[in-house]
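In this document, chain identifiers A, B and C correspond to the written order of the chains, with residue numbering beginning at 1 in each.
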Amino acid sequence: MRETGPLVHNITNFVAMNVMANVQLAIGASPAMVHAREEVAEFAGLAGALTVNIGTADPDWGAAMETAATVMRDAGRPWVLDPVGVAATRFRQDLCDRLLDLGPSVVRGNASEIRTLAGLAGSARGVDAGDSVEAAEEAARALSSRTGGVIAVSGETDFVTDGTRAAHVRNGHPLMSRITVMGCSLNGVIGAFCVDQPVFEATAAALAAYGVAGEAAGRTATGPGSFQVAFLDALHHLSPEDLDRDARIEGPA
Amino acid sequence: MRETGPLVHNITNFVAMNVMANVQLAIGASPAMVHAREEVAEFAGLAGALTVNIGTADPDWGAAMETAATVMRDAGRPWVLDPVGVAATRFRQDLCDRLLDLGPSVVRGNASEIRTLAGLAGSARGVDAGDSVEAAEEAARALSSRTGGVIAVSGETDFVTDGTRAAHVRNGHPLMSRITVMGCSLNGVIGAFCVDQPVFEATAAALAAYGVAGEAAGRTATGPGSFQVAFLDALHHLSPEDLDRDARIEGPA
Amino acid sequence: MRETGPLVHNITNFVAMNVMANVQLAIGASPAMVHAREEVAEFAGLAGALTVNIGTADPDWGAAMETAATVMRDAGRPWVLDPVGVAATRFRQDLCDRLLDLGPSVVRGNASEIRTLAGLAGSARGVDAGDSVEAAEEAARALSSRTGGVIAVSGETDFVTDGTRAAHVRNGHPLMSRITVMGCSLNGVIGAFCVDQPVFEATAAALAAYGVAGEAAGRTATGPGSFQVAFLDALHHLSPEDLDRDARIEGPA
């Protein structure tokens, strides 16, 4: 990826934009944030992957997401959905319902978000999960059978499935949950990893890479401020060899 | 607060969103940025407190602010107004006028903003204060009698009043004025502190906590970049004992 | 500038807002981000300079840019255009076409952006340049004859021309291209430098100052995370003496 620098089109929330762009640059991708309805289809046509995040969406942004996702689906290129806080409001549920119909290559969320998308009651509060990853594994399999794509549940141990295969990823650091948009930015990494790669394997590798960089950052950070700085440095220096050595992926099974 | 992790709903400006979210996470709150008119009332119904900041508002965002503030007022839950740059334009003055009618629990601004809201001429320029905190104390009392709530004036020494009682808070560091959205993010801390707490005392404590963390950051920072990093780490590690020891609150009187 | 603290009005993209504000504060300017059509003309009337960046524009934001630029043009005050990703979509090209008609004091972009504005084919991909600065020098001269203003092409060596004079600026550090919105934020520095100063000289000085701070940051940074922190600290400490000693400006010729 550091050689090809794939262009990734992101329609994400206002909180995440800057961090997600820096995270994508740190792994060697070329990020662009584009949402205007007048240009979103044309831009998606140029991109190797699309990431969509509903965190601060409104109806105009929602329409742009649907347009761009349709372009990617029709072109057979990957797109990733992050259903931020979907349990909180009817507006988010309706928007996600329309986006799920467009067959996202990957849906990544926390346990409460994935449970909500699968139609299960959960104990979300705002944008934070109130459920364990374990309690969302069956929901992830069910959701995969709806979308035909990969579902990833983020948490202390991540779970990823394509409906048939499944894997657990045991990388990461506790401070990652004390910094905003770490999950949102992870979707940017998944999108970049999926360009011209098999989606299930790319998603698991992205989860592991993110977690390995988090572990490296956690070895020097003294709080969430210094963690963010060290995390971006660690992602920038992460090599395929580091990833092979430190990734703790169990499965697929 | 680190145990209950109160959900705080923020409708804030684009510049502040990421930093405010990280500041709220660092003190143990659970932030969410939600502004779409289609969901803002439903989301406010879930939140322990609301913060509103007009820094980059437009008429749609202004309407969302009024809707969410109405929900909080009717539910008897706290909401905090930050009248960024209100002296600069008629649009900001009209929007603040409507928001003040909804009885914000706390209005926090710099001296020029508070003077403008109280109908006094000031010497603001853009979003920066041109007046001293001292010159805004009477304006703060007058504004409090309009809103029925607490007014806080930020500056080298902060002033806080509920119209009857008043206190000065003498914590902080000069670099805090050389970094953007430090005032905006402070409103996020005030909102979180006010959840289920008496508003005057919570506001004074929030001002002190923010300033104490700033002093800690100032002991190691070598400029505004390293200050931001150290500040977030300091907020994350700030304990009730630190706050009791280092807070310099004079009053209430 | 550190004494006068000029007010700079920015209509920039969501990704850049926070960093640009901090960069402008670090050099002593007073930044404000204001875009609502209901107030943008009134606010521009207060500002010493305006910066416009189309990175995440939509038609409403585009209209606000035209309104504010018209105020600055009519008042004879400087305004700076950053044509982010203009090669990517027709919407961006049309918007830039209207903005160029308003005579920006400075247009700063990467080589592919400047070539596109001059009507030449380029090899942009997304928002990144695919062309060398050298390959855009003639385009810059041609574009200057259209706008009547200064054109700056950013890259490993920057090129700046007012159509008659030209200079190369050889400051900077490779990590600057691995961090998002470094170019966008540079426009904020150019805008601030242009307040009450001759535009060509101010632009060259801004490019050099930015690069000198980058070199200082590069001496201690170990990746893009620590670079950003060190860069803001370096800008904050940059003195006129540092700039005189370390600027590598060749020309004007």
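In the analysis below, contacts are C-beta pairs under 8 Å (C-beta built on N, C-alpha and C of every residue); 3 or more make two chains touch, one makes a residue touch a chain.
Treat the numbers as computed from the prediction; the structure is a model and nothing was measured.
Mostly differing positions are employed by chain A and chain B in their mutual contact, as under half of the interface residue numbers are shared between these two copies. Between chain A and chain C, the superposing rotation on Cα atoms measures out at 120°, rounded to the nearest 5. Chain A and chain B have centres, each the mean of its CA atoms, that are 32 Å apart. Looking at chain B, residues 14, 18, 228-229 sit in touch with two or more other chains. Those residues of chain B lying in contact with chain C across their complex are 13-16, 18-19, 55-59, 85, 88-92, 125-128, 178-181, 222-226, 228-229. Of all residues in chain A, only 5, 7, 9, 14, 17-18, 21-22, 25-26, 30-39, 42-43, 46-47, 228-234, 236-237 touch chain C in the complex they form.
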